Structure formats: C-alpha cells, structure tokens
Amino acid sequence: MSIATLSSPGTIGVGLVGSGFMGRAHAQAFRAVGGLFDLPLRPRLSMLADTTMDGATRAAASLGFEHACDDWRELVADPNVDLVAITTPNALHAPIALAALAAGKHVYCEKPLSVTLDEATRMCAAARAAGTVTAVGFNYLANPMLQVAREIVASGEIGEITFYRGIHAEDFMADPAAPFSWRCRPDQAGGALADIGSHALSMARFLLGDVERVFASLDTIHHRRPDPARPGTMLPVTIDDSAHMLLRFHDRPLTAHVCTTWLASGRDMQLGFEIAGTRGGLSFSQERFNELRLYRAGEAPGRSGFRTLHAGPAHGDYGAFCPAPGHQIGFGDLKTIEVARLLGAIAGHGTPIVDFDSAAMIAALSDAARRSSLEERWISLPRDAPAAAAAYASPANSEVDR
Amino acid sequence: MSIATLSSPGTIGVGLVGSGFMGRAHAQAFRAVGGLFDLPLRPRLSMLADTTMDGATRAAASLGFEHACDDWRELVADPNVDLVAITTPNALHAPIALAALAAGKHVYCEKPLSVTLDEATRMCAAARAAGTVTAVGFNYLANPMLQVAREIVASGEIGEITFYRGIHAEDFMADPAAPFSWRCRPDQAGGALADIGSHALSMARFLLGDVERVFASLDTIHHRRPDPARPGTMLPVTIDDSAHMLLRFHDRPLTAHVCTTWLASGRDMQLGFEIAGTRGGLSFSQERFNELRLYRAGEAPGRSGFRTLHAGPAHGDYGAFCPAPGHQIGFGDLKTIEVARLLGAIAGHGTPIVDFDSAAMIAALSDAARRSSLEERWISLPRDAPAAAAAYASPANSEVDR
Amino acid sequence: MSIATLSSPGTIGVGLVGSGFMGRAHAQAFRAVGGLFDLPLRPRLSMLADTTMDGATRAAASLGFEHACDDWRELVADPNVDLVAITTPNALHAPIALAALAAGKHVYCEKPLSVTLDEATRMCAAARAAGTVTAVGFNYLANPMLQVAREIVASGEIGEITFYRGIHAEDFMADPAAPFSWRCRPDQAGGALADIGSHALSMARFLLGDVERVFASLDTIHHRRPDPARPGTMLPVTIDDSAHMLLRFHDRPLTAHVCTTWLASGRDMQLGFEIAGTRGGLSFSQERFNELRLYRAGEAPGRSGFRTLHAGPAHGDYGAFCPAPGHQIGFGDLKTIEVARLLGAIAGHGTPIVDFDSAAMIAALSDAARRSSLEERWISLPRDAPAAAAAYASPANSEVDR
Amino acid sequence: MSIATLSSPGTIGVGLVGSGFMGRAHAQAFRAVGGLFDLPLRPRLSMLADTTMDGATRAAASLGFEHACDDWRELVADPNVDLVAITTPNALHAPIALAALAAGKHVYCEKPLSVTLDEATRMCAAARAAGTVTAVGFNYLANPMLQVAREIVASGEIGEITFYRGIHAEDFMADPAAPFSWRCRPDQAGGALADIGSHALSMARFLLGDVERVFASLDTIHHRRPDPARPGTMLPVTIDDSAHMLLRFHDRPLTAHVCTTWLASGRDMQLGFEIAGTRGGLSFSQERFNELRLYRAGEAPGRSGFRTLHAGPAHGDYGAFCPAPGHQIGFGDLKTIEVARLLGAIAGHGTPIVDFDSAAMIAALSDAARRSSLEERWISLPRDAPAAAAAYASPANSEVDR
C-alpha cells in the first residue's frame, strides 16, 4: 500500500515546485481538498520551491506552506515531502520527476508530461521502478460531467458509438502579431497540438479508449511572429497553429476526428466533443462545463430532443462541492477533484485520472500525428503505453519528427 | 479603522457557527481567500461552534479550525474571535448576531438576515452602535459578471434603463408530495419569496437601486404537504409557493417585474434578469453565471445581435482565480469573493457587497410585497433602510402580515 | 354548413382588401395553401381592392388576383367574393368587416380586431347574426409547436400548471428618437400593449384559457417623440411603451405574468413563455419558433433536463410542409396554416384558430389592463366574450379608459 | 440573352417532372416567387409529368399546372415548356437533363446532379453546348445568412481565414434496423457522403472556394441492413455511413475538416460550420438557419463575444419575405430564393446559386474523397470543373472507385 511509505501516518507531505498560476492552483487544491472530500490521507503543505528564495518565501507564506527553498533538488530530497508537485516550465518536468521518483516520492506533474517522447518513456519506466503513484494534470477530465459521459459511453446507454468529433480551439495566438514565445518552440513542447490539442486527444481517449491509427494534417498558418526581445524583427515559426487528426480505435468501428487550433478568434475554451451512438448521443463543451447534452432514442413521437443536464449531486464528485444541482463548480474545483483522486490512489483507493503511462500515450499520439502529417500516411500506435512511447522516441525517429 | 480592533495585527480570528453545507462553504472561502487575493488581513480559522461537542470537534478538524465548542456564546465571547460567521438555522441569526455585535465583533451572516423585520431593525441598529463591519451572504451578487452588469447599467453604456424582468425559479418544491419542512413555516422565514425570491429582489436592487413602491401577488398553490413526522397525514401550508412583484424605483421611469417560484419543474438555478436600455440590453441567468449577454445599439446594418461575454480577467474579481478567460469560476468561488470583500472592508478598503442595512431593505421589500398581496394595493417603501424596516416591523404590522 | 353559401362548389372566392406587407402575406398564403393541404375547398383569388386603381391593378397582377378595384365596398358587394380578407389600417377593420358580414360573407381580419371595444362588440354580434366564419390574424398561434404546447398543457402531460411567465418584447421604438406614428395614437389601437402585447395575451389565453382578473401597470417611458411632419418639433405621447400584467384564470390556481415592451433593445421577436407544471415544464420563444423546450419530471437520477424539440411531422401541421423534421417552417407558413384552418372551418371542419369572439376577449383584456393601471386595482372580466366586450365598451367606460 | 428563347415574352413555361415532396416544393416555389420578388420573368406552370397519368393529373390540379402527362419525354418536347425542373429518382436526372438540354431548355435539377461522374461530365458539356441556364437544388445555400457569411469571408471582414470545420449530420439511418433502401445503393448515389455530405461540401466550397486536395476516411458502420422486401433477411451494405474529409484549397493556407454522417442520433439537420479568421469568426447551423453567430476582434476589453445575428431585411433576400427582422423564413422559402435566382439568371441578371458546373465539382470532390479513403492518400483535384469531373469519370477510374 503506497500509504506505508509516507512520512507520517494519516497525512502526506506535499512539496510544490513552482508558484505561478498553476502552482497556486495546486496549492489551492491541496488546501481545499480536506474540507470537501472525506479522505484517508490529508495533505500537509510542507515545502515550496521556486527559482529565488525571496519568491519562494513569499509564495509559501501566501499559499500556506511550512517551508520554502530555491532549489527543487532540496525539496525532492526532503524527508517530509512525500509527494512532489511539478508546475515548472515544461523542460524541467522530466528532470524533477525523475529525481523525485528516484527518491521514492509520488509525483504529480502538470501537463505536458515532458518535451520529448524519450523523456516520457524514461519517466514511465522510472515510475514503474519506483512503485509510487503518478498523476498528470489533465484537469478537464476531472469534470463530473465527463465522468458521466464516460459512464454513458461505457455502459451502452446510448448504444454502440458510431461517430465522434472533438475539438480544442482557443484564440490566444489568433492575432498574427502575437509575439514569439515558448509556445512557438518545438523544444518546449510548443505548438497548438502539444499545448492544447493534447486536451482534446486525452478527452477522446478518456471516452473511447486507445487509438490504433492516426492520420493528421498540421498547419503552420503564421510562419513568422514578432521577436519580443527585438522590436521590429520577426522570428520564423515552425510549429503548428492548427492540427486535424483522424483517429481509429481498438475495438470500435468508427473513425473519429479531433482537431485543435489556437487561432480560433472568439474562442477561449472550446474544448468539446459530439458523440453519436446507435441509441443516443452526447455533446459537450468546456465553455459550459457544468452541462452535458444528452439525447436518448426511443422517446414518444414528437417528444424527443437533446436534453441539457445540469451538473448536480447525481453526477460523481459534484456532490462534494454542493448538495444542490445547478450551482456549478469552477476551474479550481476540477483541480481539487484531480488532487482528491490522486490522494485516494496514494491511499490505495482507485487510480489517478491520468497517470504517467496515460500521459505518455497522449504524447505518443501527438508525435504520431506530427509524423503522419509529414509523411502523409496513417501511422499505427502500439497498444502498450511505454512501447508506444518507445516506438517513437528513439533518436532516429526523433530526427524524422523534428 | 476597523482593523485596529483585531486580536492580532495582520490577521483576523474567524469564529464559525454551524458546520452544515453553508458552514463548510464559509470555511472553504476563508481558507482559500489568502492564496487568491492580495489582502491586508489574513483570516485565522480560530473557533468552530456547533450543537454538539463531538460534531464541532470533527468539523473543526476537517475544516482546519483551531478550536471547537458546542455553545455559540462561548465562541462570541472568545477574544481570539474577531469575526463571527453565522450559518445556523434562520431563527438563530438574530440572537447570535446581536450578541456578537454587542461584543464588538464583525459579523458575517447567512441570508436571510432574520425571520422578522423587527429583528432586522434591531440588528441594523446594533451594527450601527457597534461600528463594526457586517455582511450578509447574498453570494450571487459576488459574481464578477454581475459587477460588470452593474457598471454597464450605472455608466449609461446601454443608455437609460427602460425595462427589467427578473426571476428566481427552482423546482425543489414542485412535487406536491414534497414534505412539509421549515421552508413551509412563516416563523422560519419560509416561503418561496423569503427563501429564494430574496435573491431576485437583491439582484434588482443591486442593479437598479432602491425600490419606491411594490405591488405583489403571492400564490399558495399547494395548500397541504405531507407531515414527515406522521406518515399519511398532511399539514396545512400558508406560505407562498410563488410571488409576482411589480416594482417602481426612485429616479427611474420604469416598472420592473420580479418573480419567484420553487415550483418550476426542471429549473435548478434560474436566477436571472433581462434589462433593456435605450442603447442596449443585458440578459443573465445564474444557470450559466460565467456568461453575460450584451446588446449594443449602433452596430453596422446586419451586424447587430446579443453577444455572449465569457467571464475573464477583464471582469472584476475573476482574475484572482485565473489569468485566462473562459475557464469559469464556481459557486464556492463566489463565496470566496464575498469573503474577500468583507475582509477588505474590515481592513478599511471598500464595502461588503451586502451589509445588514442592505439586507434589511430586501427584507422590508419582501414584507411590503406580502402586505401588498393581502391588501391588493401598491405599498410604498421609505428610502432609508432602518426606517423602511421599522415601518413594517411593529407588532401591529406583523399581525397584519402573517 | 357554411360551404353551402359559396359562389361555386369546391372553390371559395377570396377578396383581399389591402396590398401592403400583410396583404401580400395573405395572398401568398391563399396561393400556397392548396398545394400543401388537402382541403375540401380551394381558394380562388377573385378580387383585390386598394386605395387607388393603379395600385390595386398592379398588386392584383403581381399576386394573381382576377380582378382589381379601388373601393372595398365594390369588393364586398361582388357575388364572386365569398371571403373578405382585411389588411387595411386598423381603423378600417370594423367598417369593412361589418359590411362584409352584412353581405353574408366570411371575414378574415388582421389583428387588432378593431380600435375600440365598442366596435369589437358590434363585430361579434354581426358575425353571430351572419352565421358565417370569422378569423383574426394572430398567426403566431398557428405554429405547430404551440399546438403541441397546448396539447401538453391540456392533457396533463406536465401535471397541473402552477407557473406562467409570458412576454412580447421588440425594440422598434427603443430609440427615443423613433418618430411619432400611428402606433403612438390611441385612436389607432396604438401602444405596445395593443400592438404587440396582444400577441402575448393571446398566447397566454390559448394555453391557459380565459382570464378572470387582471392587474396591470402600463409605462409611458418616452413622453415625446419627433413629429415626422415637422422636423425639429416633438409630439406628446400618451400611449404605453411597456405593460406588465398579472393575470388570474378561471379554474387555475396560479397568477401569471405577461408583459410587453417595444423598447427592448436587441429584441426583434421575443414572444414567448415559460410554463411550469407539477410534473414538467415548457419554454418557448418566437425567436426560435421551430423549437419547444420540454422538461418532464421522473427521469432517472442525473438524466433529467430540458430537452429541445425540433419541429417535425410529429407536430401538427408541420407535416404539410416537409416530411422530415428539423427543416423549419417560416413566418409565411404560419399564415398558410391560419388560412388552412379558416378554409377548413368554412368547409365545416374544425374552427379557426382565433375567431372574432376570441379576438374580442383579447381586446377586452387589454382594455381591462389599461383600466387597472389607471385605477391601480384588480379588474374582473366576465367569462362570456361579447359580455366581456360589452362590459368595457359602453361610452361611459370608454371615457374612463381614454 | 436567354430570355430571347422563351415561348412567350415576360413569362416562362415551367415543366415539372416528379411530384413527390421535392416536386411539390418546386411547384410551391414557382407559385410563390412572383408575389415576393420583382422579377423580369414570371413562371407559368405549364406541365407536370409523373409516372402515371392519374397521379400526374391529380398533382397538376393540386399544384396548379395547366397540363399533365405520364412521360417526361412529352414534357421535354412541349414547346410551351421553357424550363424543365427535375425531381425524379436520382438515376433519371441525367437522361432527362440531357434530353431537355438537347431540346434547348433551361434545366433545374434536384441534387445530386447524377449518379456517376461520367454522367455529370456529359451534363456539363451538354449545358455548355445548349447555352441555356442550369441550376441544381442545393437550396441550403440560398439562405440569406449564408450569403452574408460568404460576404463576410470574401470581404476580409474577419481577416484571413485560418480554420474551418464543417458538418452535415442527421440520424435517419442511426438505427441499425433501418431498412436497406436506395440510399444504400452505390448505383443510386447512395451513402451518407453523396446523400447529405454533398451539402457540407457545397457549403465549404461556397464559402472558401475550390478544393485543391482531399484526404478522406469513409466508414461503413452497419454492414448489413434488413431487406424490406424479405422480412427476416439482411442485405449487405457497402456504402458509407460516415465520412471525414480533410480539404486544402487553392489560395488559402488552411486545412479544413468536413464530415458527414447519417448515424448521428438526435440530429435532424446539423448542417453547419465554424470559421475562424485572423480578426473574427463565424458559426452556423442549419438547425437554426435564421441565425448566424459572428465574432469580431477589437472590441473593448470585457465586451467581446460571439453575437447572434437574426435574419432580417439587412440580410440579402430575407427582405423579400418580411420587412421586419426576426420573423424567420422557412425551408420552402429557401427553395423560392433558389427559383428567384434561377429566373433572374434566365432573364440575364446574375447567376444561379449552383449550376451544373458547380454541382459537378462537388460530385468530383465526393468521388475523390471516396478514392482517397480507398487509397489512403491525398487526392488532387483540377481547378476546372469539367476537367475535374472528367479526371475521375473515366470507366477505368470508375472501376477503382466502386
């Protein structure tokens, strides 16, 4: 039982690396979770690491951590830290996670898991060797309405699934004058597909299972962006602004379409899907994530139509937040559910929503999509996650991809 | 400066009375607020009181309070408690608040302020005498999108306001077989108008200012409800299931309509309004409270229409929760904003969203509506809150009303 | 059987007075109806009258009428005209209808029935004396989805009705600079209530039955409007810009609210309602009149919500237009349904959707609302239409009202 | 000028082949168009042909045609028929159109143009040889809101187009027990792509221009369907139930996705698109075809969002139906606009919305998609319509495709 490894019985020492928006979101979730969920294990906010001692100290005070440090290695080494939460820039995910796993810690890493598939493969292997619990922050999947959607799909409530269309569209790069940033760099997991498309892929996989083949077309629409460091000059852009993917799944008859773009003017969170089954359908958008639209065949003539379900206590973890329907949970609450699941898993109950293996599968899928777009052909994915990762993470393959 | 009265500089000791859903919501808000808002004053969860020592102890542990007790008087008397938060059954609001004010504490009381206008009047007077800060939990008004709506109305952005239609409809009593409960008792502030209609009234007042006259029609649709204590028997019901109110305001040309019902099958949180002005319009529903629909006259031909604003950092306190638009805040976050405003007011910055005076005005308006329905005539309200309350709170008037 | 009086067996000669937008809409409906509905009686477009011979001749040619004239009296007298359709300015409705009824014709009159209740009463009496069929153009009620709504209410499918909120809001007078027109004149059935509010009232009555009492508040927001004839000068306005009405019905326990305004910036056709019953609910807006939202209680936990019905062949007369659902009918098609029902009634099958008696009831209700607003009290209406009309149509009463 | 060839000046003799739903829709449009549009040419309903004399005679009477016949060749040969409208089963489109063109008639053919590309090529050539006007019934494109969308795209109002996602989903084959019909037969232009997907393709082409390459994946989900002629037995199905297509356009930087399915339970008319541009966006669904959602960048902070435009007189041909916005046109009215454009084109004003060449391009695109799915590669299309058709219509190619 994972709980046996903890620094003190009944509580779990949390070390947080990073204190930007996502760091604060983690901290808030760890602070909130105990009052909302009846957990066998309560988080103790033990240590916060950031790049400067000053920043770390201030953040620790503001967020309620006992200690602060300016070196994540110190945090990873601290015996009071049982769980390392990583909210750093993407390139640091792998080194910190590998060190934490080597030290026998549980690891909770923000998405993306890593910036290369090779790293992802090594992280999965390290997690397996450590035997600790891992989680990756695909927090949109923590939504109770998505849990319901998955149950509806899995139970056959809407019959056999025959159609799927998914999307994650935002607009923060829609303006051609939006400056070059880490999001434009392939070595930082840049590009719309890696940055936000991974949410749409994780959602499709969450609902329909593992992908067997992918065909993709990635578009770089804006080939140059202003260099923020040198006003008046432009930097070349090679990453994708949009990606269309056709997916085929193990054990399902359909081809699905999943796409992403960060050029969709007017969209700030269009992460959603439409599913059709032989006896019903679903549609969802993160723009209104406390709702799920459900159609069920077989109603009386003239009385059928999509109905709008409002999140309520009948829908999974919603009840932890409010005993009445229709009151709505927020973005921060999704993070709290994610943490509750992680703590439960550490205590031996259930599994995290997305662990390193799952996140590696999503990364492998993104990589296969990139390759498909270059090679203009369907690319198959192995069913086994580490194998999938490995298949595309060899140096030779990486050369092809990047 | 209120802050001068605090038990220790820079922090404020919070005493919470009650640990039901609303008690937990208060506790979560006090725990969360420091990590989200940059406050001059940080809450210290000092003491929790509940009806049994066992329950209080468990709740204090779960919610992170330092001490527990089974007598709210002890909590009110504790010198470490600077702010008393009241989440008890309605009938206890007045006694606890009056004791807390007498002890020089700040008071944060759940709605309704009290069960009689007489109590409300005395609470307002006590607050004035104490000189401390008071707040009442009309948390829907803490919504950043409502703040924006108020600014749009106040600034003339949509011209002079000419039309208003407001509602709060839910369905938890729609089934005639829903049992008799405290909600059916006039001496517990029962009835749809007092229970949920007060939200619709507070919203109208928040947006349009004080009401000058009201005409109302209250309906008791289900005159008997099952007695939960004696299966098979029914208890008579005299409170309102629905209420329609026509309102006229000081300094505005329009008659507004505000209604409420708890019989609206299928509605779990239809708290909303439609506003028209000479140069635009707004519509809002709490069912999608991260959205506000805005119309502005003067667009190019063929390009005009209501636009849907998604809550984002440009909208008031949303930015405390997320730097990106479209991610949505939840019900609990509204409570956190309410607490942030309260703490700010205690520290001398700004005012609470709804204080005792404002809550008394809403109570006076409800009472006037009840009277109007009985007397079938328009009832005028004084502009001054305590006077308004006093006008309808004398024993003689109470007899007329109930 | 009415059909016995026709000028030639199997067909009915139509005389149309007026060729503005509504005249053309009538003509189009008469031309279309035969190809869509299987009718016992086919319309023959016999004669069109307008104010000038030239205009009438051109309109007759364009709309396919056999003859034209410039005097409606000639049309009414023509033996080939069996049915007189009136689309003139409001003040001519009564004289033409009375002449047509005196000549034994069927009459199809645009709304409003007349400009005074006195006229309405005489028109109802004349219709009764003539024994012919009458219809009034409240064409929104011809919507198949409204027919379905009425059936759902009447059948008890959503239980006993406990709540109703109706509206007709548009914005064509929202601009204070919109010029004075016939719509601003009380002697032309001006005012928001008469002009568009009558639709909201007719809808409430269509769904819930006859009104027993009304309380109303009418607002004149813009007291002066520019005189289009004399640039730079203003004319005083006395009619209502908005009206709020509380309605109580025979045999129903609820108070309903119905309101209207022509000041609702951004609204071009917000004619709709929300209905709650003990076992379900409905909501509708003419803005999307091919849809009806239905809620039914008793669904499995977590699966309940309002569903959106799309108009289809399962919904009344929709099937006459399209064999597949979701294709949508248009405004003109509502007129065609209205005409189909009228022709059916003339042939002895069914009744028109709104006849003179029904229209008189709506007029009486509007008048009672106006009186209520002036006298600030509830006004009762007799149950019998002509009596209702008569009660408010005596010269003495008219003096009070206007 | 085409009008020079007409049988009588100022009018055009219409011959209609077929009197099913689409035949009646044509007839209604021809009857309605004169009263709504100010046309240089008025249709005369000259002759109706159907398979039996009895059926043709009845239909002609009901729909107002002067003559009836039971042989389309007689209709085509009739000197009073100037325009031949074809609403027969798909396999007859080519023979009738070719005969009519050979006789120098204008031709208005329901979609699909033909059942093979070879036929389509010959029809385009014949039209060119005849020099008459042709039109094909992609009536959804007649929608005024689509005209507006095209103008917004073409004018640069929302900047450069960077993203497109289109769909046509219905559910009439969602039930695996839906019987085998002509829709399941490749030799009848069966399959979701040919039957309804062509609408989604025509819409993409209407908005973005000609397609340069396509990659597709067609799914046959239900491989057997019940034989309606032999209860209890099943027939094999080889046509597509769903199709996903990636499209690249001449002169545009983006890859678009267009998909179709007739398995989408709960969808009866989900024909729509989302478009993003560098300065705005559009979304549309035929489910609410009197609306268009528009986003424009550059609004004041906190005031941006998609706005919902309601069809009104500012939007193209809407004004022919109603002088006020928000009243909505219906499916039949789209047909009337299509006819108005056709008659205008015959009179020398403008062009039909979709002519034979355009329809052949759509057919060529469908065929290329089918081929791409089989060959799992991108397929290029020539820019010139007849060439495009010819490229895929040779007997050799047909063997590959089917």
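Lettered A, B, C and D in written order, each chain numbered from 1.
The definition used in the following text is that a residue touches a chain if its C-beta (ideal position, glycine included) is under 8 Å from a C-beta of that chain, and two chains touch if they have at least 3 such contacts.
Chain-to-protein mapping (UniProt): A, B, C, D = Gfo/Idh/MocA family oxidoreductase.
This is a predicted model, so every value here is computed, not measured.
**Student:** If you take the chains that touch subunit A and keep only those that also touch subunit D, what is left?
**Tutor:** B, C
**Student:** With respect to inter-chain C-beta contacts, which pair, B-D or C-D, contains the greater number?
**Tutor:** C-D
**Student:** On a C-alpha centroid basis, what's the spacing between subunit C and subunit D, in Å?
**Tutor:** Roughly 37 Å separates the two chain centres.
**Student:** Need the CA-centroid distance for the pair subunit B / subunit C, whole Å please.
**Tutor:** The separation of the two C-alpha centroids amounts to 42 Å.
**Student:** Please tell me the distance, in whole Å, between the geometric centres of subunit B and subunit D computed from their C-alpha atoms.
**Tutor:** So the centroids are 56 Å from each other.
**Student:** For subunit A, which residues are shared contacts with two or more other chains?
**Tutor:** 267, 304-306, 310, 312 - these are the residues of subunit A that touch more than one other chain.
**Student:** Which of the residues in subunit D end up touching subunit A in this complex?
**Tutor:** Those residues of subunit D that touch subunit A are 158-159, 162-163, 165, 167, 169, 171, 174-176, 215, 217, 219, 221, 241-242, 244, 246, 253-255, 257, 259, 261, 263-267, 274, 276-281, 295, 297, 304-306, 376-378.
**Student:** Okay, in this complex, where on subunit D does subunit C touch?
**Tutor:** 21, 24, 27-28, 31-32, 34-36, 62-64, 170, 172, 267-269, 286-290, 310, 312, 321-333
**Student:** Using the touch definition from the top, list the residues of subunit D that touch subunit B in their complex.
**Tutor:** Counting only subunit D, the residues touching subunit B are 148, 294, 296, 301-310, 312, 314-315.
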